[in-house]
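Note that the chains are named A, B, C, D, E and F in the order they appear, and that numbering of residues resets to 1 at the start of each chain.
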Amino acid sequence: MTAQDLIRPGAVIEMAHGGGGRATARLIRQIFARHFANPLLDQGHDAAVLPRPVGRIVMTTDAHVVSPLTFPGGDIGSLSVHGTLNDVACGGAWPIALSAAFIIEEGFPLADLDRIAASMGAAARSAGVPIATGDTKVVERGHGDGVYITTTGIGVVPDGVEISPQRIRSGQAVLLSGTVGDHGIAILSRRQGLEFGTGIQSDSAALHRMVADMVAAVPGIAVLRDPTRGGLSATLNELAEASGHTITLNEAAIPIRPEVAGACEMLGLDPLHIANEGKMICICAEEDAEPLLTIMRAHPQGGDAARIGTVGDAAAPGTPGLLRMTTLIGGMRIVDWLAGEQLPRIC
Amino acid sequence: MTAQDLIRPGAVIEMAHGGGGRATARLIRQIFARHFANPLLDQGHDAAVLPRPVGRIVMTTDAHVVSPLTFPGGDIGSLSVHGTLNDVACGGAWPIALSAAFIIEEGFPLADLDRIAASMGAAARSAGVPIATGDTKVVERGHGDGVYITTTGIGVVPDGVEISPQRIRSGQAVLLSGTVGDHGIAILSRRQGLEFGTGIQSDSAALHRMVADMVAAVPGIAVLRDPTRGGLSATLNELAEASGHTITLNEAAIPIRPEVAGACEMLGLDPLHIANEGKMICICAEEDAEPLLTIMRAHPQGGDAARIGTVGDAAAPGTPGLLRMTTLIGGMRIVDWLAGEQLPRIC
Amino acid sequence: MCLAIPARITALHDGAMATVNAGGVTRDVSVALLEAVAVGDYVLLHVGYALHLISEEEARETLRMMAQTGLLQDELAEMAGTSGGQGA
Amino acid sequence: MCLAIPARITALHDGAMATVNAGGVTRDVSVALLEAVAVGDYVLLHVGYALHLISEEEARETLRMMAQTGLLQDELAEMAGTSGGQGA
Amino acid sequence: MKYVSEFRDPVLARNLARQIAAEADPARQYAFMEFCGGHTHAIFRYGVHDLMPKNLRFVHGPGCPVCVLPVRRLDDAIEVAEKHGAILCAYGDMMRVPGTGRRSLLSARAAGADIRMVYSPLDALALARENPQAQVVFLGIGFETTAPATAMAILQAQAEGLANFSVLCNHVLTPPAIRHVLEAPGIDPEQAVRLDGFLGPSHVSTVIGAHAYAPLVARYGKPVVIAGFEPLDVMQAVLMLIRQVNDGRAQVENQYTRVVTDTGNQKAQGVMAQVFTLRPAFEWRGLGSVPDSAFAIAPEYAAFDAEQRFPISDKASRETKSCECPAILRGVKEPKDCKLFGRACTPETPMGACMVSSEGACAAWYTYRRAEAMGTPAPALEPAQ
Amino acid sequence: MKYVSEFRDPVLARNLARQIAAEADPARQYAFMEFCGGHTHAIFRYGVHDLMPKNLRFVHGPGCPVCVLPVRRLDDAIEVAEKHGAILCAYGDMMRVPGTGRRSLLSARAAGADIRMVYSPLDALALARENPQAQVVFLGIGFETTAPATAMAILQAQAEGLANFSVLCNHVLTPPAIRHVLEAPGIDPEQAVRLDGFLGPSHVSTVIGAHAYAPLVARYGKPVVIAGFEPLDVMQAVLMLIRQVNDGRAQVENQYTRVVTDTGNQKAQGVMAQVFTLRPAFEWRGLGSVPDSAFAIAPEYAAFDAEQRFPISDKASRETKSCECPAILRGVKEPKDCKLFGRACTPETPMGACMVSSEGACAAWYTYRRAEAMGTPAPALEPAQ
């Protein structure tokens, strides 16, 4: 039986595809194994055996529940690869393997699943990282949202690299690899009931190659972090809190596409709260800032890299570090965490 | 703010808990970090850094979507630890770290989440394996089923251990570590609309310690596999197909609790299709069978271990291996994969 | 379509309902299709209804006949000094 | 509650609807609250309705006054040979 | 499990096998039809075949209600759920059966219809109570074993005034079907199956009683031995059939005396008589139209009749082309005679009902003995002892 | 973005700051109330404070419809969704506002109520069209800016004959609220806030026109300068207010001439007059009962009035105890005067509406300047230039 037999017009996921019987085996073989094919996955065990790694291991996981499943610039398949590779890269590590667990809703079109798996396989291949093992579950209609994908990534950290918020120090530079808010606004533009037209594409991309070059040039980078859910503000607030230092941004220096700014004006959103999926924050010594920006800009994902702020004084003992910003007009304000979920507003 | 503030009576998961802002940070801190506390997780990064491992790495992942979330003998929290540790053990490996990704439905009681996280933390501690990193997503009401947990495990395989269906040979013995069907029947007994009374408890348990002893004694074990979803029949059919060998079971030798047999009679189910979550199939050389059974029986999880079958001839080239069984009355039949999902029937 | 299993009545309830135990599994079922039933009786259970009483005596007799059949044959064969029926 | 943004009308449709472009973002909105509107007009957009036309001329005048205010002050200061107003 | 395990005993099985081998006349061919799918299932699941002499053949009869239900009736059920928005309740057995265009209840559910698997009509009643704003339709299928429970549910609904409960009634009757198999109307006598006797239904007989088969035996001169569903029951009944054939007798005999009496369950018979009425004829898959072979809901209970409540459309229902189920159900073909068997048609991708029901002949052959059926070498059989 | 970016220009901001510093009389204290939450938001988000002289104070007024909506009206909305099973449509702004027992629309949704966030009343109309079997209720809140859209939706529903659409109308009016702040009825004059003038509403004024404030200015002798919502607009309007104060003038002036005219949008005014009727009085959070300050749906459109359609119960709605919102909304207290501010009450765990709305004074202080408000040392301010 070929994939075409399984993915015939109108065919959808049924509970049987998750029952653990032959239907499950066939689904895995005809969709996932076909699109992800690589020597590790092809071992066909419940657990993949990887060669002995050279260095410390980094491990990270992310559940991807994006809606809609396909959006300008990507889909949940490629996103689930990029999102996890970037977290591995945030550890200063080179990714060596991914796992992928699918939770699929009964009734989900097999053709859509095939498309998503193809995109996921392509993203992993283009990143050069195998999807080594996986799992497939089917849940009843009304207990899912098409498909959820949890990817876990492992990588190897070169010796001498010690990425940690504890290494944040006064006077360090805060770099950002490109424009803010592209992913979140691309998603919002396709949300039911909110559709608006825009040329904005998600920035979803794998950053491990750029990061590898950065780490090779400056092993002493203090922090790498991808500002995903909760945006720049959540990520930098976390770092300010964890490090006990005030971080001051310069609003005028933060790269943003005009359409993203426009959509934020329309929906009453702060672009600093909007998710990114192909951006990296880097905190480094002042003297490393320019060399790192040069390296970032040499990568397609870092073309708009900019220095967006500076680490300030350590906060008073017992008080957390603050994130603040010099505004466009030269005032100063706190940049707070997003309170609750991101809700478009009219006031 | 203490956990008691978050988990106040009647408090439920809201979308904000997944928004990536302070509510997410607090949820993670007050529930997950509290129950899972260990030095790796406490690094507090998006990616955990593990010490340099000694040996090849094994990686496995499983999405857990069990309903009901709590069942006799366990809950989704402990199950998600055991299920993945057992897959690591199936690689002949010693588990060194777990990741845990949560997909939580809006409206899910925080007290239930706390209980599940506590059970998960306890299972990981008792297994001696840290939950090194995690992720939390919240989906809208009607897009989940309380909570789904995807765990990924990594482990280290001792040199010389090569678990693989390709090493199955004629004449090898098929061992099973205990009774079949306990988990699946414990779950079914609590399914809505099917409730029946039974003393059956899920067998959910971590088997890596038993496996470590087995592998230490017999590094040449051909296959280890936990017969979970799809039961003994799915797992052994997979092995028969992958190895190209016929496997013959002896129905009279397969351990089964009387209540499990009774429930299967009542629902018209085949116990060989029912899921187990604390059992291990081992295929080994004839002469290793008895020593391994002795080791298994010395562990609380292997008390009922038995030899249940024998690997037969290699199938004709181009035809897959078959799984068959000498029946109770001395006839012979094929044991097929479960067709479709497991449906209680009346005929 | 006629899957039915033997179960023992362990309790009787209002509305012609009863609790039964089938091989260690308990469930509430209807006994409305039976004329009379008592705790301890074995019944044949089908789609939530008890369909018929099971006769312990008849069951024993059936088993006795099965046992005897084979034994008789063996004994006859032994007596005749030849081997029994050839196993299929 | 009064978040409203400037947008340019790019097309007019039946039922007093129009497509607008706001900073590169397009959306269909109602222009039923306006007396008259033409493609190319800038309008103030609020909860899916165009609320008022924006006057380019007035906007330019406002900006001119802002620019002049400060400049005037600087020039006066320069003329007087003293420094300008102290920044807060 | 009492009354179960004893009847799977390997020592007794060996005894019975020896006795059968001893008594079967090597000069004869024995062809026995097990009418019931339950027997088919037991024969395959326990490998009873392997304990039988080579000159004895089981012919698998039409006694699986899932298998004989015409596609049209399943299409109706899907329509009731999809077009009329009812909550359709069905037994697990029905969920995977392919209707027209290979659509099943499961695939209709995957596509959004509200279809629930139930274990008992009592569960459907409970759903009707819990969802007063919805229509709850119970898909009633089965022989005389199952029909009384459906009738009871209707009486219960009436007593409770449950106005949102109804039954799509497809209950069928055993004796008329046996008669039909024997008469084989319109079938070339050369093509009709040669039968030497019947394994009589187990659980149907608990309801209708052993006497119900007497007129058939008298008329057609074929022995009927009512047999339990455990493998030893089947073997003992085979022995009893062999003896009747060898003796030239044709009688109703009862192997399953622990549950089957001569007159059956008269209370259950009464309930069926009250709630149901005989359809003048009913379409059986494989058998065609069989007179007096099915129940409809009696006019007094029309309020609970889904066929009355919902305007069920005329539609072009289609059996899968080249599915040989009809011939197999009449006992004149075997699954291996079907071109689709084990290739296009498997339990995961069934083309006919006989491949879905675990009592269907095709499913049984595929699941338990496909190596033989498909002509690949049968695995070497260890000695049964 | 045209008409936006220009009004955030740092060079012009520096110019305006210098001019204000130059013209502000160091011997005076200036207290200007920005009536609108939109101004409050702009002042905090852009740090306009930091560009103002020390003797100038912004007093944050009651012009945030989310903040002034009494808990009772929110409880009603939750009741309509929970008890009457309606699909309740609300702007994102309302979703997190705590009602009685800290229940919000979001928590009611998490508990199962069907509550949808909409961006426009047109979205609510679309939902009513798509769900003909459900009741769709639009929670209408907002000032004169927002009310015309609600009125248009009602007219559209009428034109389409959408029988399942209705509006829970909470629209409030600006001039009566300004009058109320100035009169401070029942407030000890010592406690009443001293104001030197008003930043007049931006977008309300596009609808009602600049002339609408003339009677207030005439009667109370306080200058009003209508100002745009961009930071430069605010700064220029402040300069205009300082000049009026310095000159001893009290006039309506219009800084926001690019959108605000003397007479406003007369078509919008006409639509409001057609669909709405004035309530004799309406309860404002903080202000108490304010005469002639809100719209109800006119009797001609009663079919679209959710207050008429649903039997909304009398209930014991409760504001959070010790929440100082009422005093803050009158301008007589500041968030830092509230014991809960930044401790029990934060944007994640708001105790009052002023902490939820991004236009609320408490949320603005917490989000943008809490270091100062909570007495921890303010972060050192880099020079504005």
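By definition in this document, contacts are C-beta pairs under 8 Å (C-beta built on N, C-alpha and C of every residue); 3 or more make two chains touch, one makes a residue touch a chain.
Keep in mind that this is a model prediction, so the values were computed, not measured.
Contact with chain D and chain E alike is made by A.
The chains in contact with chain C as well as with chain D do not exist; no chain meets both. Set against the Cα centre of chain B, the chain with the most distant centre is D. A rotation of 180 degrees, rounded to a multiple of 5, brings the CA atoms of chain A into register with those of chain B. Contact tally for B-C versus A-E: the pair with more C-beta pairs in contact is B-C. Farthest from chain A in terms of Cα centroid separation is C. Chain centres here are Cα means. That of chain B falls 63 Å from that of chain D. Computed from the mean C-alpha positions, the centre of chain A lies at a distance of 37 Å from the centre of chain F.
A separation of 21 Å divides the Cα centre of chain D from that of chain F. Contact of a single residue of chain F with at least two other chains is seen at positions 1, 4, 14, 17, 37-38, 50-51, 64-66, 91, 93, 96, 106, 119, 123, 142, 146, 232, 346, 348, 359, 384-385.
Of all residues in chain D, those touching 2 or more other chains are 1-3, 5, 22-23, 46-47, listed in ascending order. Contacts with at least two other chains are made by residues 14-16, 21-23, 258, 261-262, 265, 268, 339-340, 345-347 of chain A. Of all possible chain pairings, those that touch are A-B, A-D, A-E, A-F, B-C, B-E, B-F, C-E, D-F. By the touch rule above, chain B contacts chain F in their complex via residues 12-16, 21-23, 26, 106-107, 141. Residues of chain F touching chain A in their complex: 1, 4, 8-10, 13-14, 17, 37-38, 44-51, 64-66, 91-93, 95-96, 106, 116-119, 123, 126, 142, 146, 231-232, 346-348, 357-359, 363, 366-371, 376-377, 379-382, 384-385.
The touching residues of chain C, counted against chain B in their complex, run 1-3, 5, 22-27, 45-47. By the touch criterion given at the top, residues 189, 196-200, 257-259, 261-263, 265-266, 268, 345-347 of chain A touch chain D in their complex.
Residue ranges on chain C touching chain E, taken from their complex, read 1-6, 8, 22-23, 30, 32-35, 42, 44, 46-49, 51-56, 58-59, 61-63, 65-67, 69-71, 73-74, 84-88.
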